[in-house]
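Look for chain A in each of the two complexes below; its partner is chain B in the first and chain C in the second.
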Partner chain A sequence: MLEESSLQPEWLSEEVSTGTTIIAIAFEGGVVIGSDSRVSAGASVVNRVMNKLSPLHDKIYCALSGSAADAQTMAEIVNYQLDVHSIEVGEDPLVRSAATLVKNISYKYKEELSAHLIVAGWDRRAGGQVYVTLDGLLARQPFAIGGSGSSYIYGFVDAEYRQGMTKKDCQEFVVNALALAMNRDGSSGGVAYFVTIDKDGTDEKCILGNKLPTFFDE
Partner chain B sequence: MSSIGTGYDLSASTFSPDGRVFQVEYAMKAVENSSTAIGIRCKDGVVFGVEKLVLSKLYEQGSNKRIFNIDRHVGMAVAGLLADARSLSEVAREEASNFRSNYGHDIPLKHLADRVAMYVHAYTLYSAVRPFGCSFILGSHDEDDGPQLYMVDPSGISYGYWGCAIGKAKQAAKTEIEKLQMKDMTCRELVKEVAKIIYIVHDEVKDKAFELELSWVGEVTKGRHELVPKDIKEEAEKYAKDSLEEEDDSDEDNM
Partner chain C sequence: MHTDLSETVIVFVSFFRNALLERDVAKVGCSLPGARKTGTTICGVVYKDGVVLGADTRATEGMVVADKNCSKIHYISPNVYCCGAGTAADTEMTTQLISSNLELHSLSTNRLPRVATACRMLKQMLFRYQGYIGAALVLGGVDCNGPHLYSIYPHGSTDKLPYVTMGSGSLAAMAVFEDRYKPDMEEEDAKRLVRDAIAAGIFNDLGSGSNIDLCVITKGKVDYLRPHDEANKKGVRTGDYKYKSGTTGVLSKLVIPLQLELMEESVQTMDTS
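Take a look at the complex of A and B:
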């Protein structure tokens, strides 16, 4: 293959994307939200251990996908807005408020930004909730998947999801889904992070690549 | 009424030597000149009652409202300069609407009261503007936090209440309100008591005709603030008039 005549390697001019797999699922009393850890710039893996689960507030997290810079900045801005809001209102913010703030940025700058955040958390009014904010819409769902790796697991999640799953069931569901996607998607991989949020607090876990569940052909 | 500012009362940006801002106190006097409005919080909702003095027989019935809707779940009853009150109701509506647009849900009443109180307070800081000459009572009900009632006065402070009164007969109204066991009452029971209190404090001699404006928000209205339906209002007014007659009768007996 002939070298490009530029003086810089290709990956320096490629956008850094968290080509990714992210997933969130709600159960009675909380949510589980998970992601892979690969950050790529074209074919180069720029960071193999990035935690894409960003806290927006004590019991509200968001999962980042798409352009790394756009997603991180959106999460930072909403984190700040929620801090101010929760102090003004005098209580913990609702997950719906966090999701609406993310949606407002997503929609207003939809031509400029290229990121999708899934917002999930627990609040005292409506318990565990998962919100999708793709392209500036706002929709609450029992579970949500996103990122480039999600295309490979639509069949799996549709078949495996049942109503009334327990916290443990949901954690297994998330880890299995991530493992399958990371296996097939070139832009997803590394380790699996997941966070369980309920009224008692948040519990962050990380499963190393060699400890992930294995499936066919592994 | 004989407090003379003697030069310290010309603008809201001046303190008097004894630490008072006279313009704000004068604004509160403006509220005391207006007819009475009361708000009472009960077990499952909030009821507002306003004594609307009818200055002319030519007025259309039901016009010149003193109870406003601020968003679906919040009601506001006012006393004082009505034009100031209407302008503030617009401010409150904008706050509630912006909150919903930014955060995706109903504005909590305490937050709304704080925001409007801050706005009212801002007008007590400068000589270029005058303070608002009205007080108002905000009430709402929601599933999680239950019924809530806040009152804001021209100085810009807001308090939460179980029952409060503003306007010329507020002292008499407060005495009547204190007699009630509101924490154990439902809205339906309270509507009658509110009507009765307004009839009691209305001064037949000084002010002739009046129209009663009643509204409520609570479980009975599924969280929406509405004017009390005509039949319930008539029942409440009848109860109020009958109780007043009874009291008049018992007074005669004692003689």
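Take a look at the complex of A and C:
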């Protein structure tokens, strides 16, 4: 008879993490933000189609990575705080405000939380912006990558990024980066979601696994 | 509804007392009884008219079955039910607490509660306890926006999906779902699919067993089928260890009645008003 060490496999008690590859890039007039869709608990995939691009407001999205519970909770709290803030000021909030709210939580609960959110969006004052909030810092960047799968594409994004890319170039950049990372990282996979935000609105798209661009060795 | 993280305080005064107790008991060579876990296979599926939830009925205490027919599908509100895996006490108490709060909320809003509300309440409570409440839940129901199904993990993360499985038998059940799930199934197909998924968990996982309970939730109606399928019926014994009366021959019989005197008789009534 096969001996099992316990009736509860370890992955049942392991924390659910989003493994992940997330990426955001700003262009003239907007941003493109993208993610994979795999959620793992230890070695098991618990959700293969999770949309990690969470709306904080109409034209501001954040990409979740790290512990699923921490990231989801942070996004929901900031969503609430932004709603209150935008009612108080009477107009659409700035992307910088959203990023600051995320940063405040990340910094205050640095030791307790283990999630990284990339905030990206469009507002009237500064156009398309991408902010990183890792470890509680707040920095604006032309593009940002995060999650366990990002390690595999640092070379790719550094080599491929050029200033002045159009919206279409940015979408292609995001999809290619996600496809490459999902291929190499065990904790990333499933489908690719990406959202394009500009002054005209937000456009959410999903590319199924078998429709992703293929590279060498596939 | 939101959590104010500045009020997050983990209160675990018993934690230290329990640790000391465990150390003292270990000195004598025993161990404290463990928490009863439900082992478990639970799952749910969204079909054309609503949601079907399914669960096995075995509760284990270590390697021993503590309850062969426990009920893992808990009532949350008339249109929302929740299956629980993990620590039995945690799932029981958590679902009862949220059910109570949801009833008050529903009286206050004068509306039938929504599944998303129950999900928010559960995830915010579980996140507050940082995973120490071992409750992994499958929450399903039908509200004004249609049928919804959520899976909620002990640390507080949730997934909204058309089909979910949880518990130690979840991989076996998920294999069945991934093979045969189709969107917009009919009720009989959905019930059969859930029954087969739980059966896969029961027969391939040591922590799950006994019968299959189903709960079919549609707009305005709930069918709580307990048991839906007795997958493991207790067999009839072919032999008997009892001897027939008269097998042993009786040689003689002696009866001595005992002489007892009635000393005192008194009646005391208890006031039960």
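Note that the second predicted complex is superposed on the first by the 214 of 218 C-alpha atoms of A that agree within 3 Å, B and C clash if a C-alpha of one lies under 4 Å from a C-alpha of the other, contacts with A are read in each partner's own complex, and residues count from 1 in each chain.
Just so we're on the same page, a contact is a pair of C-beta atoms (placed from the backbone, for glycine too) under 8 Å apart; a residue touches a chain by one contact, two chains touch by 3 or more.
Since this is a predicted model, take the numbers as computed values, not measurements.
**Student:** State whether chain B and chain C clash or fit side by side on chain A once the two structures are superposed.
**Tutor:** fit
**Student:** Which of the two partners, first being chain B and second being chain C, lies in contact with A:Q141: first, second, both, or neither?
**Tutor:** In the superposition, A:Q141 touches no partner, neither chain B nor chain C.
**Student:** Quick one: is A:L94 in contact with chain B, with chain C, with both, or with neither? Answer first, second, both or neither.
**Tutor:** first
**Student:** When the two structures are overlaid on chain A, which partner does A:V49 contact: first (chain B), second (chain C), both, or neither?
**Tutor:** Second partner only, chain C.
**Student:** Going by the contact rule set out at the top, does A:S114 touch chain B (first), chain C (second), both, or neither?
**Tutor:** neither
**Student:** Does chain B (first) or chain C (second) touch A:I105, or do both, or does neither?
**Tutor:** A:I105 sits against chain C, while chain B stays out of touch.
**Student:** Mind checking the angle chain B, chain A, chain C on Cα centres after superposing, to the nearest 10 degrees?
**Tutor:** The three centres form an angle at chain A of 110 degrees.
**Student:** A:T73 contacts which: chain B (first), chain C (second), both, neither?
**Tutor:** A:T73: touches chain C, not chain B.
**Student:** Counting only touches as set out at the top, which of chain B and chain C does A:S86 meet: first, second, both, neither?
**Tutor:** Once the two structures are laid over each other on A, A:S86 reaches no partner at all.
**Student:** First (chain B), second (chain C), both or neither: which does A:V39 touch?
**Tutor:** So A:V39 only meets chain C here.
**Student:** By how many Å are the closest C-alpha atoms of chain B and chain C apart after the superposition?
**Tutor:** Minimum C-alpha separation, chain B to chain C: 14 Å.
**Student:** Can you tell me which positions in chain A touch chain C when the two form their complex?
**Tutor:** Per the stated touch rule, the residues are 4, 7-9, 12-13, 15-16, 39, 41, 44, 46-47, 49-50, 67-73, 76-77, 80, 105, 108-109, 112.
**Student:** Mind listing the chain B positions that touch chain A in their complex?
**Tutor:** That would be residues 101-105, 108, 110-111, 114, 144 of chain B.
**Student:** What residues of chain C sit close enough to touch chain A in their complex?
**Tutor:** The contact residues of chain C facing chain A are 2-3, 5, 37, 39, 60, 63, 85-86, 123-124, 126-127, 130-131, 134, 136, 151, 153-159, 161, 167-168, 171, 206-207.
**Student:** Using the touch rule from the top, collect the residues of chain A that touch chain B in their complex.
**Tutor:** 85, 88-91, 93-94, 96-97, 99-101, 103-104, 124-125, 138
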